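Next up: some structures, all given as structure tokens.
Both complexes below contain chain A, partnered by chain B and then by chain C.
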Partner chain A sequence: MDPGAIAFQLIIGIATAMLYWIVSSGLTFTFGVTRILNFAHGAFYMLGAYFTLTFFEVIGNYMVALLVGSLLVGLIGAGCERAFISKIYHLPVPFQLVLTFGLILIFEDMVRMVWGAVPRMMMAQFTGSLSVFGRTLPMFSIYIIIAGVLIALLLYYVLSRTYWGMQIRAITADPEMAMCCGLNPSFLYATAFMFGAFLAGLGGGLTLPISSAAPGMGENIIIYAFIVTVIGGLGSIKGAFISALIIGIIEALGAFFVPWLAIALPYIALSAVLLLRPEGIFGEV
Partner chain B sequence: MSEGGAVETTVETIETVPTMEKSLIAVIAVIAASLLIPLTGNKYALYLSTKIWILILYAIAFNVLFGYSGLLSFGHALFFSGSAYTLAILVARLDYPLVVGFILGIAAATLFSAVVGTLSLRHREIHFAMVTLAFSMLFWGIVMKWRDVTGGEDGITGFPRGFSMFWFYYFTVLVVVICSYLMYRFVKSDIGLILEGIRENETRVQFSGHSTLKYRLYAMIVSGTFTGVAGVLWALLDRTVTPTIAHWTFSAIPVIVTLLGGPQSFIGPAVGTIVYVIIQDLITKYTLYWQFIFGVAIVAVVLFFRGGVVGIVERYLRGR
Partner chain C sequence: MPPEEISRRDFLKYTAAFGAGLLIGGGVGYSLKKPEVQVVPKEAPVVGEKKLKDTIKIGHIAIFSGPFGTYGELQKRGSQLAMEEINAAGGIMGSKVEIIYRDSAAKPAEAVKQVRSLVENEGCDFIIGIDSSGVVLGVAEVMPEVNKLLFVTHAATHRLTEDLVYKKGIKEVFRLAVPVYQDGIMAAFIAAQLPATRWAAVHPDYEYGYASWELFQKTLSKLRPDVEFVAEAWAKIGTTDFTPYISSVMEKKPDGIHTVEWGVDLFTFVRQAKQMGLFDAVKYDGGYAWINPMGYSIDAMEALKTEYPEGCWISGRYVWPYPDTALNRKFVKAHLDKWGHYPAYSGETSYTAVYLIKKLIELTQTLDIDTHIKALEDMVVYSPAGARLIRKEDHQAVYEVPYGQVKHDPNYPIPVLENLKAMPAQMYYKKPPFDEVPPFTK
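Up next is the complex of A and B:
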């Protein structure tokens, strides 16, 4: 077995993992704060891709388009929280899941109305490639790894070094006590949702260089995000990072060693973790 | 379309009989009315109503687990597609007779539900939903990749239906009615009562000396097996199986129609199915964007009408 090939697959796997991480981080963050498992996270991901695409066509700068697009998704996320999600915190889980599923249907059709049903490609970005271990590694893989690490640092900074992050941690740990200390739960839940949607939007915008924006794109990524968050432990950000790495690397190495099994590997990993450790790697309860 | 109307009018006109008998009469009236559909000679209505009947069985079977046992499965597509694919593989690939495929298809669903149940029933709520989702998507992955056997994305075609569309409709109605009756007997049996007890307060049921895990497994197997019946009927109706029925979005259908119709009553999922298919069919005639309208309907049901359609009708009847 060629060690160069394995190392190369590892890099590819880490790049995939970073994409899973970016999407899952928002999902697990929102869940940690609000205890809502948000199917519509996939819709925010899709909106992020479309907004970035459109802003890029107008502005011409990918980085700016990405940021503006994701911020807009964040605002839509906050709007959704105020209009719908805030009404269902007290309901049983099935109702919560189904409402957010309904939001997916709504957003997907809105995207079809505005941008059409045909997948849209962005003008080429990050087209270069590197030669690694005698193989061609697309530049995009490097960028997505950098983006993933930056987002991890951003989350760490926001949650541990800012006042808002401190409030978020307080209301996550003990909502009642936090409210007794005068924290405003409506504000915190809405902004937490906004932040989660922003991260989903970033994920959607970041995939544009390698895949086109299409109405169904959210449905597929949300399952991976679920798998990653459940393996890592629902609500655990550290867990999401680790489990995204596990899933990405397993997938990439699986595609190399056991290609016929590759598509099933994430599900096998999920089943195994849930059977051995139902609460996930870093889960509580 | 006549079915949706029949439910309401029948329920409204008979006022003096107690509710139970009222809904029984309504159900019989709807079944009787639906038996006339093939006689109209409208091929499209025939196809659509066959589909509705199969989805009704799917939804009722799902609700045995959800409504009566309080377990939300997001992986019922596994049992549905598992039986459909078993039939297709046995008949189209291995040349077994259709009857063998039909029976072994259902048996496969029983087996799958027993295995998945054993592995997943330790979990609750979101985790149970996620484990069932994972197993069903695992099956989807296998179906997509194992092209030699499952045909991958193209699916499997080339097996007979065994009936003309006309007689297949009556066969479907017969099977769905019998299966629904059996499930009704199940949820009204002592086991069903214990299941409801577990749903309401698991610890108390454990204190009275029952193994809650065992009863949950019963519910899972009953639910999975009858979902399998719906699966083989579906395969026969289209004479095709494709990976669509194994994907998780297909698991979402019974969840949605059950909440739409009302999970608290036995016929709620059936009512929800009729509403679902008809809304979908009507809207697609006028606009491409049926998902949008459907999404709005789902959101409205969750926010304002959590008893579903059955809940609305009941409230309306009580109000008079």
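Up next is the complex of A and C:
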């Protein structure tokens, strides 16, 4: 067995992992703060891709389009939180599922009305490749890895170094005490939801150059995001990062060693974690 | 090389078949006053016309939501065009045609629910459509129970016609689209002519992928005993990142790729494969040893445009440039005029399905299912895709669709096909009792 092949497959796996991490980060963050299991996360991911596509066609600069597009998704997220989500914080979980699932249907049909049913592709970005272990590593894998690490650093910085981040941590740790100290929960929940939607939009915009924008494009990746989030521990950002790495790498090595089993491996990992440690690797009971 | 190895007896047989085809086709062609879907009746139609009911209702089930929702739209363009043409010309013996569209959501249970609702609540007389192989197997099972005919316009698994119609005897199901024989067997006949000897697969992980790859390997092994099958990758439907699959396959140093990826997955796969150098790995003098049976799907061509490398071998369940007949030219033009897009393969099959229903009713003057089945078996349907023989045993429409190489032509909004290669359908469609994979020895 060529060790270069396995090392190369590991790098590819890390790139795949970063893709999963980017999408799961917002999902787990939103849940950690608001305790809302947001199925519409995939819809925000889709909107991120479409907004980036459209802004790119107008502005011509991918990075600017990505940022503007994701921010717009964040605003839409905040709007959804104020208009709908904020009404169901006190209701049982099934209400969250129905409501956020309804949002998916609405956004998907809106996308179909505005952009049409035919999937759209953006001009390829980050083309070219590097030679690594004598194999071709595409630039977009490197770019996804960099983007994933940057998002991890951004989350770390925002949560540990900014005033807003400290408030978020306070209200997550002890909502009642935080309110007694004068924190505004409506504001914090809305902005937390906005930040989660922003991360979802960023994920959609980031994957656009390597795939395409299509109605319902978030359906598959959101399943992986849920697997990652549950394995890592619902609400744990560190857990999501680690479990995304696990899932990405076992998928890549699985494709290499046991191709017929590759797509089942993430589910097997999920089952194993649920059996052995139902709260997830970094989850709290 | 192998297609050249046909025995003299086979040659005579095919020549005879070809001659018979010409005779029938010529006869039909001669009798045509205007280019329109026609059928060759086995018996002279009953004289006299009476209106059977005010509205003939057709339920059209396809995928209208999710990432593959385009496929419903592509089908709808065909069936709606046919409906409007027919209604503008007076309907079916005075009856108006109405099509009710329903979303299968690519789920068997949902499609079955829609069939029941279309028949029981909407009073549909026929069901057409169905996109996915997984879905069609579920739907076929309920057709005898609802007692309506189903014309399948897209789903390709050979298990539908071989197992459910031929072996199990579900007579209510007919398929107008080419089965997976196009994706596996015909693909192997193309592959056999290429220099590649180390073939690898990148397929969607479900029925269609497995069936295509199995037939491809069986046929190609017979045609070219020197080839090896070195790697396979099974990606989930809706995969965003194909890189782990591409790198795994490339590690085995293939010089030929067989892939039945379609829809959005195909766009993602082609883009990522290009950047990882998978196309370069399978390049040969005359193009790429890259066979993608459903590559000439209109959505793929419109999305990928020049990004799909020139020289790859692709096909469809119909490709708009073939055959060059007055009827096909008229259909392509009408489709372009109405929708601003070239017809997709499932657009043609849906268009033909609606017209076939019209001709069937006019021919039999009834809505009786048993009479319809009897009339359809062994019927020849003259359609935009050419002459289709509806085989009696398995209710499969037998017609050929060519493969061609991608060519970027600035005169067209989408890539065109060059170097078209077609073969008589009888040579590569498995035949009852389906125990042998082509090339046939007996």
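Everything that follows uses one rule, which is that the second predicted complex is superposed on the first by the 285 of 285 C-alpha atoms of A that agree within 3 Å, B and C clash if a C-alpha of one lies under 4 Å from a C-alpha of the other, contacts with A are read in each partner's own complex, and residues count from 1 in each chain.
Keep in mind that, in the parts below, a contact is a pair of C-beta atoms (placed from the backbone, for glycine too) under 8 Å apart; a residue touches a chain by one contact, two chains touch by 3 or more.
Given the structure is predicted, the values throughout are model-derived calculations rather than measurements.
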| item | value |
| --- | --- |
| Fit or clash between chain C and chain B when superposed on chain A | clash |
| Which of chain B and chain C A:F140 touches, first, second, both or neither | second |
| Partner chain(s) touched by A:F226 [first = chain B, second = chain C, both, neither] | first |
| Chain B versus chain C as contact partner of A:W260, first or second or both or neither | both |
| First, second, both or neither for A:L150, with chain B first and chain C second | neither |
| Which superposed partner A:A214 touches (first chain B, second chain C, both, neither) | second |
| Which superposed partner A:M177 touches (first chain B, second chain C, both, neither) | neither |
| Chain B versus chain C as contact partner of A:I268, first or second or both or neither | first |
| Touching partner for A:L91 - first (chain B), second (chain C), both, neither | first |
| Which of chain B and chain C A:G13 touches, first, second, both or neither | second |
| When the two complexes are fitted on chain A, the stretch of chain C hitting chain B, from 45-53, 117-125, 261-269 or 297-305 | 117-125 |
| Intersection of chain A interface sets (partners chain B, chain C) | 108, 112, 117, 219, 260, 262-263 |
| Chain C contact footprint on chain A (complex, rising order) | 2, 5, 8-9, 12-13, 15-16, 19, 108, 112, 117-121, 124, 127-129, 135-136, 138-141, 207, 210-212, 214-217, 219-221, 251-252, 255-256, 259-260, 262-263 |
| Of all residues in chain B, those that touch chain A in their complex | 66, 72, 74, 119-120, 122-123, 125-127, 129-131, 133-135, 137-138, 141-142, 144-146, 248-249, 252, 255-256, 259, 288-289, 291-292, 294-299, 302-303, 306 |
| Contact footprint of chain A on chain C as seen in their complex | 64-67, 69-70, 72-73, 205, 231-241, 243-245, 247-248, 250-251, 263-264, 267-268, 271-272, 275-277, 299, 302-304, 307 |
| Chain B-facing residues of chain A, complex | 37, 84, 87-88, 91, 93-95, 97-99, 101-106, 108-110, 112-113, 117, 219, 223, 226-227, 230, 234, 260-264, 267-268, 270-271, 274-275, 278 |
